[in-house]
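Dropping the structures in below, format is structure tokens.
Both of the next two complexes hold subunit A, though its partner changes from subunit B to subunit C.
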Partner chain A sequence: MAYLDIEHLHFQYSSKRMVLKDINLSINKGEWIAILGHNGSGKSTLAKLIVGLLSPKEGSIIIEGQKLSDETVYDIRKKIGIVFQNPDNQFVGVTVRDDIAFGMENLQIPATEMLEKIDFYAQKVGMEQFLDKEPSQLSGGQKQRIAIAGILAMQTDIIIFDEATSMLDPGSRAELMEYIKELHREGLTIIMITHDIEEALFADRMIILKSGEIYQDCEISVALRHPEWFEEAYLELPTAMRIYYDLRQDGETYQELEEYLWEFSLKK
Partner chain B sequence: MGIQFKEVNFSYTGVQKGFYEAIKDISLTIQDKDELITLVGQTGSGKSTLAQHMNALVFPTSGSVEIFGKLVTAKRNRKIKYNEIRQKVGLVFQFPEYQLFEETVEKDIMFGPLNFHVPEIEAKELAKKALRMVGLSESYLNRNPFNLSGGEKKRVSIAGILALDPQILVLDEPTSGLDPRGKRQLMNLFKSIQMETGKTIIVITHDMDLVYEYATRVLVLNAGCLVFDGTPDSLFKKPSLSEFHLDYPATIRVLREINERFHTQIDIYQKTVSDATIAIKRGFKS
Partner chain C sequence: MKNIIIGQYIPGTGFLYKLDPRTKIIAVLILMVAVFLLKSITQLMIAFGIAIIILIIGKISIVRVARGLKPIFILLVFTFVFQIFFNKEGTVWVDETLTFSLVSLIVLVAWTIVWRLLTKLKKFKMMLFFLYIAGVYLILRYLTYGTIFSTFNFVVHEKGVEMSIFVVIRLLIIITLSTVLTLTTKPTDLTQGIEKLMRPLKYIGISSDDFALIISISLRYIPTILDEANKIMLAQASRGADIAEGKLKDKIKQIISLLVPMFIIAFKRSEDLADAMESRNFVPGRERTRIYDLHFGLLDLMVALMTIGLLTGSIMARVLWIG
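Presenting the complex of A and B:
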């Protein structure tokens, strides 16, 4: 049994259309997976189901052998944290310190321990100078880092990033990616929901969702050998790979160059 | 006509923050036709503040903005009908889809024109026309906006502004949150609206690939100052963009890496993947 197992999961909102259809997925501890899909493919819905913000219509989500239900959802939220897309929608505290404390308060962690943890995790995300600041004094990237600190402080095993970088400028985005890499090296399991292939390349494994179904589930290097999958799923390959396939089209070979473009694209 | 900024400064006064200069000493002219401008710069550089000056949604702290002949300064002038400015220059906020509120797409698009006292029959016609402009068929008119996909909602909300027939359209990060295909579709849409109607369109974005491929002009803001105003070609030919906190488009980055690795002299300034491939082939043959 994997750390997280999703079995025959179906979901629909009140309208007729099925948003997720028969999702089967296993995620091991320490893995970094990217869930890739076009707008409306069901990626964010899947994330909300995994953290129990929505309930499945059919099927189950099992975390460390425990099935997610109304009774277990609070236990399970100690194991899985989520960072959302819009930094402004998830800042709940009056100050940075309050915001980091929010999740821990829900877990009823004693005040002294909480204060120590706030300092520790603020430092970990490089925001220790900002503890007394208000959200209006922070950039989007800084708010995302605070959100991460709040989740780290709860010491979950998994963090889901639900398009967490899509509203950031390129600088803050690169910074956040570096930081996620470090968390992964330290053993955290990462589920990255994105439609940016460049970001997905940092993962070990890629799940491509298409219209609510798992269309592909494989290693990144395997996926990149199938440009037609990306076409089919309304996604785009990274620029270097698009050039790679373009070069190969008319039969001439540029072997060394092709190898280089391949290496250039793979981040691992 | 169009918009002229003259030495415009704008400061926010906050409770704790004290005094914060969002834009500094901006002088700038925007033509009332045939421009597809991108406005870029890192978060907090003043892009949205600058955009909000373009239709008198905010007033400069000092300096002036002349918008279609009406002078906007720190002091409000009772003789100026600021609403008329907002009809000439339409501003679409980030995530405009959150602002849909009517029960049908038609009513939502008609809201603006009705507010400007356009008769109902005419407003209906404008709604139809605007919907066509954003690439949606008339069958959408009676649909509930809340049941549309994210991309469709975005188009409906843009149609709501287009229905006012503004001469200049300003969009604050319209492509953020869209997948690659959605981004391209939207930019193609702006390009076709711009070409068919001659309207000037201004797009705020972080995506340098889109800037390179679509813009006729690019404005770069850095810490509230206008640090560049020119063509995308001249911007990306600069040897470094780090002082602007910007990156190069992906084609330039990849081609530059190839030249370094293989000691080739490929012309790296290519806007599309197919042009890049042709340039590589040429470079490797010689």
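Presenting the complex of A and C:
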């Protein structure tokens, strides 16, 4: 049995069309999953369902053999942390230290233990110099790193990144990706929700959502052989990949490709 | 707008920084009561002296506290003037006739324009204000030439002066005390102090924990929301709407067009924040541990005893009518 199982999950907001239709998914411990989807494909809704912020219309979510319900939601939340998109809207504390502490305070961890953990995890995300700073003095990337520290301090098994890098500048984005890789190496299960194919390539497995349904669920290497899947799911290929596939279309072998490029440059 | 620091807290090392916030909050409240019990200027002057001594021992810059008084300067002037004009007890000290004549009014207008231009200099604003008031008095008193429109009797009574000084000093002491509290206590400590002090309220169904969380989240979001307001104003200004320009009616319209998007954004934010808090195991009303533990130490005891001493002193002064 996988660590997290989603079976026949359906969801709809009141009186609107079905947002998620018959989602079946299982995620193993230590896996890095990328959930890709266009705007409105239901990917963020799926994240909220997994942490119990929304409850499914039909179907079930089972984590370590425990079915998510009103009774078990508080136990299950101890196992899952989520980093949201907007760095400003998830910073609860008045200072960095307060914010890292927030989750632990809710878990009723004693003060001395909390202070130790805050120092440890702040160092881990490279924010130990900033513990007394207020959120308005921090950049978006720094706030996201603090959100990660807050989740690590709660010692969850899974971290969900719900478009956590989409509001950051390229530098902070690359930095955050490095931290995520590090966490994965240490054995955390990572679910990354994104519409950025380039980001999804770091994962082990890719799930493409299209209009609320699972369109593809496969290894990254398999997905790379099918660029048409991304276009079908209304996702934009990164420039480098687009050039690669376009060139492949014109020349099947490397030799043909080379000739084609020569011709192209001579015509100019 | 990026570096707004909420509260007036300034890091320091004096004894006031080492006190438990609860001690400080209660001491300030008690001292305020003590100040209100005082009845004469001499007593108030002694209290003012004590406040200054507290500042000096606490290594707090008096200039800094004085700067904190700036926003209420108008209130102080208003109280002072109000008392001088409307208190008609005791012997008459000043009884002058002020004249509104053609010449004095023209000079008055010119003087006002000069004053307005001078205030552009920013520095010495307060001094200029007093200079202006003195000028107005001199103009109305001595320039009695030309057609006289009306006259006005400017009468100052002994009690009026006394009361105005009394009220102003009392206000000064109270504001100094509260400034000392906010200068030496971090907003987080202050909230926690209030939270602990409100604990007993849970017996009547008010959760001090939730209350403290509300305060700290509000504090945390003030800079964010101000930043947002700034962005919206810039966005609107870039499309030709300017809050600083136009008639009052236009300005009100502008403010509405600022408030509506701000409310929408604030609601969206609060929804996101609620999700973030819930996903981090927050359950309203459930017991939480805290990272900071407050403890009442020897220093706190000493300050508490001194505060009680001062309160007793002021009660004695009132009952026995000393000074």
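Going forward, the second predicted complex is superposed on the first by the 252 of 268 C-alpha atoms of A that agree within 3 Å, B and C clash if a C-alpha of one lies under 4 Å from a C-alpha of the other, contacts with A are read in each partner's own complex, and residues count from 1 in each chain.
Note that contacts are C-beta pairs under 8 Å (C-beta built on N, C-alpha and C of every residue); 3 or more make two chains touch, one makes a residue touch a chain.
Computed from a prediction, not measured in an experiment: that's the story for all the values here.
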Overlay on subunit A: subunit C relative to subunit B, clash or fit: clash
Partner chain(s) touched by A:P170 [first = subunit B, second = subunit C, both, neither]: first
Which of subunit B and subunit C A:Y260 touches, first, second, both or neither: first
Partner chain(s) touched by A:G40 [first = subunit B, second = subunit C, both, neither]: first
Partner chain(s) touched by A:S136 [first = subunit B, second = subunit C, both, neither]: both
Partner chain in contact with A:V51 - subunit B first, subunit C second, else both or neither: second
Touching partner for A:A240 - first (subunit B), second (subunit C), both, neither: first
Superposition clash, subunit C against subunit B - the stretch among 185-193, 239-247, 293-301 or 311-319 that is involved: 239-247
Those residues of subunit A which subunit B touches in one complex and subunit C touches in the other: 134, 136-137
In the complex with subunit A, residue positions of subunit B that touch it: 14, 16-17, 42-44, 147, 149-151, 176-182, 206, 208-209, 245-247, 250-251, 253-254, 257-258, 261-262, 273-274, 276-277, 280-281, 284
Of subunit C, residues touching subunit A in the complex: 2-6, 187-188, 216-217, 219-220, 223-224, 227, 269, 272-273, 275-283, 286-293
Residues of subunit A touching subunit B in the complex: 15, 37-40, 85, 134, 136-137, 139-141, 163, 166-172, 195-197, 234-236, 238-240, 242-243, 246-247, 252, 254, 256-257, 260-261, 264
Touch list for subunit A against partner subunit C, complex: 48, 51, 53, 74, 77-78, 80-82, 84, 86, 88-95, 97-98, 101-111, 114-115, 118, 134-137, 150-151, 154
